Amino acid sequence: MSASDPLLRVAQFALAFRTETGLATVLDGVDLEVARGEILGLVGESGCGKSTLVRAILGLMPAGARVLGGRIEFGGQNLLDLDEAVLSRDIRAGRIGFIPQDPFQSFNPLFRVGSQMLEIMRWHAPPEIGRSRSAHRARLLELMERVRIPAPDTALKRFPHEFSGGQLQRLMIAAAIACKPDLVLADEPTSALDVTTQQQILALLEELAREMNTAVILVTHDLGLVAQYCDRVSVMYAGQTVESFSHKRMLEGVRHPYTRLLLDCHPDRAGALRGIPGIVPGIARMPPGCRFGPRCPAVLPICSTQRPKAEMLEADHSVQCWAVSGSIAARVPADA
Amino acid sequence: MSLFIVRRLLLAIPALFGLVLLTFILIHAVPGDPAAVLAGDQATPQQIQALREHYGFDRPILEQFIRYVSQLASGSLGVSYMTQRQISTEIIERMPATFELTLFAMTLATAIGIPLGVISAYFHNRWLDHVLRIISIGGLAIASFWLAIMLQFTFSMELDLLPVHGRLSQGLTPPPFVTGMIVIDSLMAGRLDLFRDAFAHLILPGFALAVAPLATIMRFTRAAVLSTLRREYVFYERAVGYPRLVLMGKYVLRNSLVTPVTQIGLLLGAILGSAVVIEAIFDWPGLGSYAVLSIATADYQATLAVVLIVGCVYALINILVDLVHAAVDPRILEQL
Amino acid sequence: MHILRLFARDRAALIGLVIILFAILLTIIGPFIVPYPDDAFEANILSRLEPPSWDHWFGTDDFGRDILTRVILGTGNALGVAVGVAAAAMFVGVPLGLLAGYHGGRFGEAVMRVTDVFLAVPSLILAIALAQLLHAGIGGAILALSLTYWPHFCRNVYSETRSAKTATFVEALESMGAGSTRIVFMHILPNIASPIIVRVTVGLGYIIMTAAVLGFLGIGVPPPTPDWGAAIANSRQHLPEAWWLVSFPGLAIFLAVLGFNLLGDGLRDIIDPRLRRAR
Amino acid sequence: MRLGQVILTLFLAGTIIGSPARAADYQRNEILNWGEGAADTLDPHTTRSTTDVTAKINLYDTLYRYDGLDLVPSIATGHTVSDDGLTWTFNLRKGVKFHSGSELTAEDVVYSFRRLIGMKQAPAAPFWPILKSENISALDQSTVRMVLDRPYAPFLAAIPLVGIVDKKLVESHVSGNDWAATWVAGNDAGSGPYRAEPDGFRPSQISKLTWFPDYFLPFPAHPIKQVNITTIKEATTLALALLKGEVDATDTRIGAESIARIRKGENVKVSADESMRTFVLTMNNARPPFDNIHFRKAISYAFDYDGFINKLREGTVVRNPGPIPQNLWGNPKDLVPYKYDLTKAKEELELARKDGVDFSRPLTVYGFTNTRDTYLSMQLLQSNLRPLGLKVEIKDTFFPNLASMAANQSTAPDMWFHWVSAFFIDPSNWIGEMYDSQFHGTWKGSAFYKNEKVDALLRQAIVLNDKEKRRALYEEASRLIVADAPALWIYNAIEYRGLNKRVDGYKFSPVGSGADFRLMSLSQ
């Protein structure tokens, strides 16, 4: 694999759910790339399909979901070709780690945290860590030290309800990287935590990822957080990636009206953007043309009839917007 | 925890007292007593009256009740009018038979019902689930006494595969009394021949008794597993690649156990009632047939004793259910 | 309408409903359509124990009576007992549960302890004792079963009332000074009607089953009134030979209980959305 | 797991009991498996059921015993009775040993009779009204005297009811004035041909007996050395157990269907012996409309006796014409039973109507819960009375209730079906206790029949010791009673017992149903 090959490449991925009235498209032509060791922010309001995408990468689509097209390439392999058993055995935890949204709900309340984490390692620990339980334990203790869990030895024997949310999410980070995956999917890892804890957790995640050269997809609706920790950002709206750009373009270079609006306002905890009027359309009532059109401050007549195409503005910047493409198009003849 | 048990035991006493009072009143609500039977076919009215006075049947009901309760308080269940023996002796002789039968039936119901419930939930809305649901709803509608007769008819009378009645074949001496349950005692005595024989006797009545609880356990397990499967932590466990069998058989199962365990507790109470009929059909010398016998012979003290014992067992089962809940769920354990 | 549509899609519940409607129909028109209407009472000892034939589809019993006739006539009896018991149990259990749940406190505690006592009695043993004390007769069986069944209603209504009581509309009514009786019966009761309906439906199947057990033990409805449980009990004497005696009454019990269970399940799924997706 | 320990401890705490000593193992042809059902109690002084009697006659001895219908000396060698019929002196056999090893003496006999009367239970019934404890005495080691309050003809016939217990052994278990009832109920204090195995007895479940080789009467060449008595309640199951060889004998109430099944089986046989167990529909003569003789006769003619006996009971019982079993003396040989005759029934009903009897109300008939014969007969009666325009309601309850109800004139049923069994063989057991008006207030007297002439005849018969004179009196009373139709006498039972062909020496007795194991042996 050459260096230019991304670790994960999602191309024109489309997914539909079966509903009472037929198939409803939830992801529609999603494009995404993550390079090794890169931290990618995946941003958008609630209901934009970020979590669905993360689940799709893990192969955990809900019952009734159907892939309409596209590819999810990971390490040169199309994950969509793999069946559940293979995904579970070879991909999850071992190569793609996962940090869930709500650590309170995601630890099994009836089992000691240690045994739950050891269970992951038992099935997915890479050979260099070793096969034995004691090796796994040693690795866990080391990681718990790293994520700053006090008295890791006794902590392993405690039950989830005996920890605070921040501690649980640290444990989740430890669990996610325990098997040295190439990629970690963090699905809004801080939305259940209070603000001060959020920062600590994300800082910790970044620190460990950089150290271990692990790529991360950080799903969030908070562009502010992305600005701090991410190398690149992809913005999703209503099941489509509308803009992708690198960190350095964040402040001045974003072009899509939605991204701009995201930058202008701060999300509240529920994830609804106070600054943008209207809501994300439901999957059953997608507007034709540009999906953001009805809420867009810069809407053009064409937006309501035709879907905009992705345009590469720079090597590290692509966008889907008639307003942007239109301005390019207007510029082209002049340049020609 | 021992404090909890003691407290629960103490709380059971008023309820048991109420139970005795209730039964006592009901039994004495109508005139009629065993004196006419005890005195025999040839007795003169004077002799019947003398016997009535001897037993105190002519005393006011309140006086009889006080006498009965003080007798209970002194630790005696009284003497059976019909056999003249200590009722406690008779109950100790018969209780193991009922325990053997009901425990076997419940073990059967649990051992089959829980896995089937899990399977049904796992294959939710697929054909296997539908088949299992039809079986379970049908199992609930079959009258156990009818099933018992049909089983007896088919397997004992027509096919001659299994014994028709009783706990042990004619001519076999039961093993030394340890628990009173022949299947267990015979194993403890190392008598495999007796074990095989006793077990063969247990199959038909046990199965007839097990069908309804089996169906109930299956339904509740299925519902519980389905609701567990929707939990975040199950998604997490899948996302970190727990193998399917480990996930279902260890984690999901344990999280789904609270509901079936509660049901098992309730069913143990109910099954003692069904045992009345099954014991009658298979000549099983247990508490159920003792209850019927005592009612048919107006042996009131014996009837009261059975009701009291069953009430105690019921109370103990309830405590046991709470303890099992605590064993399953550490959060409950903390509250004990 | 939404509920009806949901219901119509639930094939199992529909089957249950059809079975029950069929049973009700048989209860009403049964006496007019049975092949041998006199067979409820008349012994024809010359034609006893005949196997199923064109004349007697289900065969005849040990009195020479047509089993099909008696199974059909037994339907009304089974439904009658079930409805009677359910009505009596509700008559006691629902108001008690409502009041205990609404007022709570010592009174509620006391009521719950009493139901504990009743629930701790093995219901079948209590029913046997009562039925024999009250002597035979449909009234005795109904009373015995009602006495063992009302606590289930009481329990259910109690917990439903407890949760309904916290609803805002109740607080609003209280602040408006509405009388507690009025609140309980005019406002809370309609709100908890759905779980009660489910409970009754499932309960009817359970009562039919228990009544059949009483009949089997010989303490249900007195002969010659057709009774499924009693018919099975009397068939045992003739068992290895006359299989038809035991089979058909047993199937009748099975169908009736199945009908109520299916319907109850369906209703529960529709009424209780928490469980709907669990189907 | 801890939970398992808790459960185990619970069981152990409740149920630790020493294991019984193993009896010597016997050969297959020395072990009899008796399927009649285990006794409720081993106490010979509380005997009620035939299963109790089986225990009593094998574990205990009596002064006299029944050999078929004949009374023969057993522990007693003979007796004398004073001319006034009050003083009875019994001479005892010497050298009879209890199972405990001590010798049976007059003291034991006296104690046994006193215990019987003191406990006031079923077998005391014939003695309780006529014999006081203080009037029983030992004249010496081997002579016992009893002085009755008034003459009582069936006295000797009732003597086999009383088992003789080991006084010393029983007294050692007495607490208070309980007569050691609890201990004797489950243990053996007898001198009979068989001993009860310690812990081998569970009331109405199982009982295990082993032979007593020192018994004073001989055993056959190949005696039965062990008897396992088991209880199988359902007739079908019992018949099946016999056919499979699990038991060697059934009880005698297995029903026509099972008898037919056994008759077809191999290696099994059926013994049929007419018993003295009559089946009766008693009417409450004190309550209208049953106080009218024509009404009672109408019912007597309306019941299909033949259909019941030959169809429903498949000929396994015989018609009994009057109050006394037709195979016992005192029943007139020429007594004509009522027949099923609807014309006559309608005539009698017409006569009753002319007498102004109102029979519009529904009549109630009672039977025993779960008892097949009463269940069949009640439905037949209901069906039979319908053509007469009489409506019958069927009810049932268990025996204790019905016995209490029937004892009281106001609560006694209109009609009820019941049996009258033999506890000792004397006509007074049937006719005397059922139709002598001094027995009103007992369930047997529930016809509440009162005929002064009958009363006089019966009271005369009870005090006479001359059997021929008594026979004449009972025959005359029988005719009078039948003419008054206070009840429907339906059948006298034939006791059918399924037996394995290997059982030899089975001999039926109306008292105790023939389970005299000492007389039997096994051919294989």
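Letters are used for the chains, namely A, B, C and D, taken in the order the chains are written, and counting of residues starts over at 1 for each.
Definition applied: a residue touches a chain if its C-beta (ideal position, glycine included) is under 8 Å from a C-beta of that chain, and two chains touch if they have at least 3 such contacts.
Because the structure is predicted, anything quoted here is derived from the model rather than measured.
Chemist: Busiest chain-chain interface by contact pairs, anyone?
Modeler: B-D
Chemist: Indicate, using Cα centroids, the chain positioned nearest the centre of all protein chains shown.
Modeler: Chain closest to the assembly's C-alpha mean: B.
Chemist: Taking each chain's centre as the mean of its Cα atoms, which chain lies farthest from subunit A?
Modeler: Following the centroid criterion, the farthest chain would be D.
Chemist: Indicate the whole-number Å distance between the mean C-alpha point of subunit A and the mean C-alpha point of subunit C.
Modeler: 55
Chemist: How big is the gap, in whole Å, between where the Cα atoms of subunit B centre and where those of subunit D centre?
Modeler: 36
Chemist: Please tell me the distance, in whole Å, between the geometric centres of subunit B and subunit C computed from their C-alpha atoms.
Modeler: A distance of 23 Å separates the two centres.
Chemist: Hey, what residues on subunit B touch two or more of the other chains?
Modeler: 30, 157, 280, 295-296 - these are the residues of subunit B that touch more than one other chain.
Chemist: Can you tell me which residues of subunit C touch two or more of the remaining chains?
Modeler: In subunit C, the residues touching two or more other chains are 132-133, 217, 236, 239-240.
Chemist: Quick one: which residues in subunit A touch 2 or more of the other chains?
Modeler: Counting only residues that touch two or more other chains, subunit A contributes none.
Chemist: By the document's touch rule, what are all the touching chain pairs in this structure?
Modeler: Chain-chain contacts present: A-B, B-C, B-D, C-D.
Chemist: Quick check: in the complex, which residue numbers of subunit B touch subunit C?
Modeler: Result: residues 14-16, 18-19, 22-23, 26-27, 29-30, 125, 137-138, 140-143, 145-146, 149-150, 153, 157-158, 222-223, 226-227, 230, 269-270, 272-274, 276-277, 280, 288, 291-292, 295-296, 303, 306-307, 310-311, 314-315 of subunit B touch subunit C.
Chemist: Where on subunit C does subunit D make contact in their complex?
Modeler: It is residues 41-43, 45-46, 48, 62-63, 132-133, 135-137, 217-219, 222-224, 233-234, 236-241 of subunit C that touch subunit D.
Chemist: How about subunit D: which of its residues touch subunit B in the complex?
Modeler: Those in contact with subunit B are residues 1-3, 6-7, 10-12, 14-20, 22, 31, 33, 40-41, 43, 46, 48, 120-126, 128-129, 181-182, 184-186, 202-206, 228, 230-234, 237, 240-241, 244, 246-247, 369-370, 398-401, 403-405, 407, 420-421, 423, 429, 433, 439-444.
Chemist: Which stretch or stretches of subunit B touch subunit D in the complex?
Modeler: Residue positions touching the partner: 30-48, 50-51, 54, 79-80, 82-86, 89-90, 92-93, 95-96, 99, 152, 156-157, 160, 164-166, 169-171, 173, 176-180, 280-281, 283, 285, 293, 295-298, 316, 320, 323-324, 327.
Chemist: Please name which positions on subunit D make contact with subunit C in the complex.
Modeler: 234-236, 240, 255, 257-258, 261, 307, 311-312, 369-370, 372, 375-376, 378-380, 382-383, 386, 393-398, 401
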